[in-house]
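In order of appearance the chains are A, B, C and D, and numbering begins at 1 in each one.
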Amino acid sequence: MNPAPLSGKRIVLTQSDVFMGPALSTVLQAQGATVIGDTRALDATGAAAELVREAGTVDVLIAHLAVPNPGTTVLDGSEDEWRTVFAHMVDPLPRLARAVLPQMIERRSGKILVMGSASALRGMKRASSYSAARGAQLAWAQAVGVEVAPHRIQVNAIAQNLVENPTYFPPEIQALPKFKERIKWEMPLGRLVSAEEDAHFAAYLCSEAADCFVGQVFPVCGGWVPR
Amino acid sequence: MNPAPLSGKRIVLTQSDVFMGPALSTVLQAQGATVIGDTRALDATGAAAELVREAGTVDVLIAHLAVPNPGTTVLDGSEDEWRTVFAHMVDPLPRLARAVLPQMIERRSGKILVMGSASALRGMKRASSYSAARGAQLAWAQAVGVEVAPHRIQVNAIAQNLVENPTYFPPEIQALPKFKERIKWEMPLGRLVSAEEDAHFAAYLCSEAADCFVGQVFPVCGGWVPR
Amino acid sequence: MNPAPLSGKRIVLTQSDVFMGPALSTVLQAQGATVIGDTRALDATGAAAELVREAGTVDVLIAHLAVPNPGTTVLDGSEDEWRTVFAHMVDPLPRLARAVLPQMIERRSGKILVMGSASALRGMKRASSYSAARGAQLAWAQAVGVEVAPHRIQVNAIAQNLVENPTYFPPEIQALPKFKERIKWEMPLGRLVSAEEDAHFAAYLCSEAADCFVGQVFPVCGGWVPR
Amino acid sequence: MNPAPLSGKRIVLTQSDVFMGPALSTVLQAQGATVIGDTRALDATGAAAELVREAGTVDVLIAHLAVPNPGTTVLDGSEDEWRTVFAHMVDPLPRLARAVLPQMIERRSGKILVMGSASALRGMKRASSYSAARGAQLAWAQAVGVEVAPHRIQVNAIAQNLVENPTYFPPEIQALPKFKERIKWEMPLGRLVSAEEDAHFAAYLCSEAADCFVGQVFPVCGGWVPR
């Protein structure tokens, strides 16, 4: 086996400083990738094109678009919340694709991996704007994955939930009795997925071994959804 | 069995003049419902609240939000197309919910049925903006369905595809050899689902017999997806 | 709407005296069906053929094949348990199909509805033999549904769980604190599905309005799985 | 990254001489595993226990249980066919589990990977006995996966279809115009999945990086099903 399966791969990672960004960077680099981490806000119309122009050759684009779940009920949600969630998590997707696909189509090679959420696969309370945006991400990856597969480009998505990360599950949350009860009832794995486990799976999907997957959604959530 | 299972029900149906609107109106009325059909565009921020205010008591809201699939590739899509698709099909959902849920919560009774699309469940070419918006709809229905279930309110979605309707499948399309080949390969049913069949199933989900379904997505697509 | 949508339909219901049998009989008859209830054990090789021969014309066959979940862990399971579960719930399916399909194919009309379980859609502890058998049922319905659709025959399945019935959820079980906690955590509906709700949905799938569904699996489990 | 992620792992592979067996052996060994390939028929009651006894320490058991799809319609199927398919593909599962789980539970470490089929996730013609058995496999993996997760044991399944292998897709089949048309219509990937790609993914699921997956089903079928 190749000790550096991502050797020579230039991987663009958006929002590389938050959420799964640091864990992804570490694991991808350890596997030989050149990670072009980016931290700019992508809600502005031209940001995606600019990012890709600066990045040069992109073998893999990781569309890692996250905002914290606002946590409001549908009744307490606002226009602003809705717009913000979609502006950051959903609207950048086609812009990133339009910026990066031409070079991939020309090389007949490339991958886009959407870091999505299993909240789109199973209903959760106080997460309707967030889940809706996540649902848009997954369906988009399925559709684009089927569309660009003939160019030998692979678009897939991870649908994660209950993955350890400082944004969603800081130690003080993990210490709560209610949190422990939730893990017991909702999480067959019996613990949070570690950030490294999630990142390793993402790295696998970025590698050539995963050329056979197109338009597919992979839950990474410790059994919270079975597929 | 009740010959008029929707007798006494006041059902608001958005975009009642297009797409599945006419078939839904006919079937719901035949089953005893008072259908408050509405034809205003719902992309304006205040339209949903206005609609519900005018409607008075609403037992069931059918969020029937549709635009034709633009049919572009992801490369040919534009900001305008994306914004239009989401403005008409996705953004009205929380506005409608915020307008109609308070009276339902007060009565501890009510239903929202989202007329969604199976294009969010299986990838299709030239449908990425459309599928993304449809994915947002389904995930939203799942999340809100779980959230409002304790109020004895049921939110569910139909995920339809390959249903006979003048917008998507006019006779001239159905006559094309390519269309027939598509039906043969992709449609276990071997024919389009009729608009009446789809509307009957929607009527069932509007009835009290369906009080047991919450946050659920029902494919109506002749076996194009099995669940 | 037809007050007796199953009028004139001859529906064979296996194991009509147990599990969902009584509720199904009542609801189907109330909708006009002639229910040919059968109570023989179907694990014997010739029983299915005999049953259908005696029944005469069969418009709909409800393959209602149930044994209580043995409730053992995989380690405590036995050959006998495994064999019994499959002999009663799985092996009769192709026999029933071979007995009843010829007359349906000749008439170019007919339905088979498998009363299956959502335990095949989401993992449960102490249910591996049971879930495996239920998984066979659902996959069989999908495959046969696609195969016989061209004959205008519809084969579908209900995947139920947490439906009120004296076998699985007698009052003493429902009174347990642990049961209430399970409902709270696992059941978005917040209560068991009633036997009547389940039977009404089955009746719908037996009616001509449901001619558009083939090879499909419908969860009826109060949101325990979203689709 | 570990150049030999399976170094030191003793992996039992059943039916190692057929179907995916050779490709799995090659890839697992290349990643450092000691592969204990076994070729005995497992339909005899005592065979699974004997196999595990002879194998000694088992870190991972790959339940690779396959027979060719009989290819009969449900009408042409026979008792013998049904019994054979289940005896080889389904009945060995609990026997293998009962033989191998005690040592894994004692070590609080171990994995079972079921090499299953996507034919259980989407209906196919002339595959009802085969699909039913495959459905039993997947549902069993989900249930046992949830049950044994607290012992730090991971049970998961691959649901493959349209993977290159000499049994199902010999060159003469691949050369048929009808086969090419099937790939065009049913396979977003546009080609068969290679045996190596499938084996690499299986190897990943056998590695410690995959400790976070329990009771999960992973389609490997080039987009034939999206999840």
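The criterion applied here is as follows: contacts are C-beta pairs under 8 Å (C-beta built on N, C-alpha and C of every residue); 3 or more make two chains touch, one makes a residue touch a chain.
From a predicted model like this one, the values you see are computed outputs, not experimental measurements.
At the interface between chain A and chain D, two copies of one sequence, more than half of the residue numbers in use are shared by both copies. Taking each chain's centre as the mean of its CA atoms, A is the chain most distant from chain C.
Per-chain CA centroids place chain B at a distance of 28 Å from chain C.
Each chain gets a centre from the mean of its Cα atoms; for chain A and chain C, those two points are 39 Å apart.
Residues of chain D found to touch two or more other chains are 121-123, 142, 145-146, 188, 215, 223, 226. On the side of chain B, the complex with chain A involves touching residues 45, 73-75, 77, 79, 82, 86, 90-91, 93-95, 97-98, 101-102, 119-140, 142-148, 215. Remark: chain D residues 121-123, 185-186, 188, 223, 226 touch chain B in the complex. Within the complex, the chain B residues that touch chain C are 1-5, 30-32, 142, 145-146, 149-150, 159, 188-190, 193-194, 197-198, 200-201, 204, 209-220, 222-223, 226-227.
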